[in-house]
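Notes follow the structure.
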Amino acid sequence: MQTPSVSQASPPKRSFLYDPNVRGIFYQTLLVVVVIYLFYMAATNAIENLRRAKIASGFGFLENTAGFDISQTLITYSAAGSTYGEAFVVGLLNTLVVSAIGIVFATILGFLIGIARLSSNWMVRKVSMVYVELLRNIPLLLQLLFWYIAVLGPLPQPRNSVEMGAGFFLNSRGLFMPRPIYASDIWVLLTAIAVGVVGSLAFRTWARRQQAQTGRQYPVGLVTLGLVLGLPVAVWLVLAVAGANPISFDMPRKGTFNLQGGMQILPEFVALLIGLVTYTAAFIAEVVRAGILAVSKGQSEAAGSLGLRPGQTLRLVVIPQAMRVIVPPLTSQYLNLTKNSSLAVAIGYPDLVQVFMGTVLNQTGQAIEVVVITMGVYLTISLLTSFVMNIYNRRVAIVER
Amino acid sequence: MKKALVSIAFGLTASLLATGASAQATLNSVKQKGFLTCGSNTGLAGFGVPDAQGNWTGLDVEFCRAMAAAIFDDPTKVRFIPLAAKDRFTALQSGEVDVLARNSTATMSRETQLGLDFPAINYYDGQGFMVRKKLGVSSAKELNGASICTQQGTTTELNLADYFRANNMKYEVVAFATSDETFKAYDSGRCDAFTTDASGLYAERLRASAPDDHIVLPEIISKEPLGPAVRHGDNQWGDIVKFTHMAMLNAEELGVTKANVEQMKTSDNPEIKRLLGTEGKFGEAVGLTNDWAVRIIKHIGNYGESFERNVGEGSRLKIKRGQNALWTKGGLQYGIPIR
Amino acid sequence: MSTVVDTFRFVRNQQVEALPPPNLARGPIAWIRENLFSGPFNTILTLVVLYLLYVIIPPIVDFVFVNAVWTGTDRDACRAETAGHPVGACWAFVIDKINYFVYGSYPVTERWRVNIFFALLALGVVWLLWLRAPRRDLGAIYFFWLFPILSYILLTGGDADFSNGFWLGFIVLSALIVAGFGAAARFLNAPVKPAVLIGAGIVAVIGITLALLEADWGLQPVPTALWGGILVTLLVATVGIVFSLPFGILLALGRRSKLPIVRMASVIFIEFVRGVPLITVLIMANTMLPLFLPGDMTVDRLARPLIGVAFFASAYMAEVVRGGLQAMPKGQYEGAMSLGLNYPQMMILIILPQALRIVIPGIVNTFIGLFKDTSLVAIVGIFDLIKTIEASRIDPNWAAPTISYTGYAFAALFYFVFCWGMSRYSLGVERRLATGHKH
């Protein structure tokens, strides 16, 4: 007998290159090599270019004196004494401030409009739809530019400031208001506020437990309001009567050009805030609408048959369930708002990008460091938020079981 | 695999989009390309401004045209690349432009740390302020407490801080990324004063909705020698820039104009003969032809003509010669002898 | 007792027409009652909204139509004191500047080239988006290969100047690629000829592309510094979509890959880009790209934000495509593998066509976002529509109080028409797909 039949019976010998593992390793090695090569090229080119352009490198520039002024500073900052590092902090704080305030207002407006889109009132429904469609389909940059001239245009020159009473003035330099100056015994007031917050939280827990046990409801909202607001005000009044005023106000007064003293809210800030809030609210409204629609109709019918009023149904039954659907996209809208606040650069509000990627980058020429720091900040904010969100999602998912 | 594809595609794109500007002598590469690339302002009346059709005019623009005339005998062989203040030096360093004629201030750090040369100063300037007439302010010293609009990323922003600090005055700065935004904010009443180089003030004032409502304050708070810049290290190219300007100055001093340059060739004045290349080989010494100055004057004219046409009495800016008059007339413009 | 009732008895043998319901239960009044005044709260809401509309709408109508100025050559037409009546929108300004808004400073005699570009773009978009268009595979080739080449030649004038060295290098590289394919096939005991043909095909496509770009078409070169307006806006958006879709698909596949390093690289890239604002990416492209290239290479100023936008959009597109890949039932993958298809075959023939189809709405929505974001290139000094408007509104010839509002209104209208149209389209596709899945 010949042997070929035997050799045919054994499985055909395939090259080891057909092994998916080997191929996987090959592709990945290739990828790593290419990426490393690209980075290496970029790095050597950058080093060579920087050397040729005689641009310094490293983060030492953060210690150098900045030499320029910034219009809105939340920390003490002056051109003479402050460094680029402090300018960075100023810009970062300005970004955070406008984002935080923007998020609060955008959430309120967005929920209102989202609920309005599902209103039984035809006109409310249509108007909110037009609002959403209009704002979502026009670039934010354009809206900001519009708000800036819309805010700036009608405002009077400082000499003709609109006096709104109680030390409030409005003119084309912004809104001026009394600036509180804290005396040394401010701690009494702070303690009162702390007591109020802790007390109201405790009352809330107690009221919950009581309701669960006895079914009786307590006016949690009123008590909270009284403790958080009323107590400090009362303490303040007592202190004021006693002659130890913990807060006095620095009133704005007219100067040669502008009002002097007091606290000033820049028109750039207002325009940016309005633009971010109205734009983001349109997106939040859609998120809210989708979330509410995701709650099955049976839920609100059941709530209705239990005798809850429509408002209560929405507040106690629909929204809490909708939140599960709403929160993840809502977070990404918050992130979008924070990232979009970088458009401040177009209307001269000194946010992180405007101050750091604008002025500091130009004055120092250290593009790589500045870009890396700025991107790092936004990336950190994003990743932190995603991290917190994941934890929240996990909790919500467990509650669902 | 996909990254490899990406990188190949990227490399291809890059190579498609890239234009070679190598370390070889700039003059040779310019001659090879057949045109000069000139970094210019994004739009500053009188210095460098494109109209809606993309035709460029201005003092700095004419400087580039003069160089093109000297090299190619054709002032149109220039490509203008509009550069924002913050991009201009990188563009020059990276070879994107051959010469930067964009009202840039010559400073020591720019020469020593950024690797640039400012071979000539074609406009002596200084930073000033513009305010509304109705404010009743007549001096910058009265600006205590004012809001001031400025462009970020310029020496202006720093000078401003210095000036107010030195005079112990307070102010509110409102900084914008571009000169357009800055001026529009001032014009719409956001600021009491607007600050930039004095020449820029005159140019921008033309864009105000009511130019006559604004005045330029007399104080000049800084020295701003503006001139074309080139990369450090190519001395031949630097010489061409330098002597393009000097030829225009000498022409003015010697009375050689666009109109009479052809007749002047027959002049007996040895200085004119050397300038116009009928005597000596000065052009060839910098890699040009000997009639290089004739070409400049024939196409562009002398410095005075260019000045009057773009920023002086013949223009809408109506800036006086002042410091930019020839040294013979009490100014600072002093042409190095061609000999 | 039965009595004969002699009264006339009438029995209707035909049904009468039903009476309309009372006016208060149906009809416009009832509708209004039901939808607008169904209770005290709703009544108040309606009244508040009506008041708001009364405050907002008439001034807008006055501004846009009633008091608008349609003709005029300079600012006198649009200033209330010279025109002699209250002035709303100054459309004369837009009409006067419309060519600048559309073409920027593109040379007047060459603007027909831009018009052809617009037409080619419209053709490609319609071909790809119209779901029943014939030969949409050819459409894809057109849109992702031929159209970019044609646009490049048309807009720049072509005649890219490659050196001889470049061509030499290309030929060597081509030979290496073809040889590499052959060698690999040999090594794998696969038929050598088709492999070589594939290699040659790839090389040929690249070679033809390059040759087309280098050929002198007799067009006057137009430097990118002259481009502007809607041309640039559409160009940025087009480059974004043309590059982001293929890259996005690659990144999405990478993110779903079983190979850890590939997956990690994709995740890092996607999450990095999505975590930072576009404006920082643009500034980075603008200031850092030149640093990363060898000293004698520069990238065109317009190309820098294009590269930035392309990368940025890719990351977002990748997430959309990933959604589609995840929505594919596992059976599709298993079925493809059981047929003996390898990974590229499975993806190209089975998975991607289906996955991409279900994410069309997502792709269009991403594209709407991208289209709006193109306005950001204005911040890095590119003359897109917004920048041309910003530059025009400070033209002293047109200095009038309402010029800025007019310019912005024009831009808003432009963006709204495009974005709203696209969002309607994506809704339509969504509905069609939803019905498709039900049966």
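Each chain gets a letter, A, B and C, in the order it is written, and its residues are counted from 1.
Note that in this section contacts are C-beta pairs under 8 Å (C-beta built on N, C-alpha and C of every residue); 3 or more make two chains touch, one makes a residue touch a chain.
The structure presented is a predicted model; accordingly, all values stated were derived computationally and were not measured.
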Chain contact graph, described as a line, ring, star, complete graph or other shape: complete
Interface with more contacting C-beta pairs, comparing B-C to A-C: A-C
Most widely separated chain from chain A, with each centre as the mean of CA atoms: B
Interchain centroid distance [CA atoms averaged], chain A/chain B, Å: 43
Between chain C and chain B, distance of the C-alpha-averaged centres to the nearest whole Å: 40
Length of the line joining the C-alpha centres of chain A and chain C, rounded to whole Å: 27
Touching two or more other chains - residues of chain A: 27, 31, 35, 49, 52, 149, 153, 345-346, 361, 367
Touching two or more other chains - residues of chain B: 2-3, 86, 90, 94, 177, 181
Junction residues of chain C - those touching two or more other chains: 262, 265, 287, 290, 293, 295, 379, 390
Touching residues on chain A, where the partner in the complex is chain B: 27, 30-31, 34-35, 38, 49, 52-56, 67-71, 79-80, 149, 152-153, 155, 157, 172-173, 255-258, 260, 267-268, 345-348, 350, 354, 358-359, 361-363, 365, 367
In the complex, chain C residues that touch chain A: 35-36, 38, 42, 45-46, 49-50, 52-53, 187-189, 258-262, 265, 271-272, 274-280, 283-284, 287-288, 290-295, 368, 372-376, 378-379, 386, 390, 401, 404-405, 408, 411-412, 415-416, 419-420, 423
Residues of chain B touching chain A in the complex: 1-4, 7, 85-86, 89-90, 93-94, 112-115, 135, 142-147, 152-154, 157-158, 160-162, 165, 171-177, 181, 185, 188-190, 192
Residue ranges of chain C in contact with chain B within the complex: 97, 99-100, 105-108, 160, 163, 166, 206, 213, 223, 225-226, 247, 250-251, 253-254, 262, 265, 286-287, 290, 293, 295-301, 303, 307, 379, 381, 390-391, 393-396, 399-400
Residue numbers on chain B that touch chain C, as the complex places them: 2-3, 5-6, 12-23, 42-43, 50-54, 79-82, 84, 86-87, 90-91, 94-96, 177-178, 180-181, 183-184, 187, 206-211
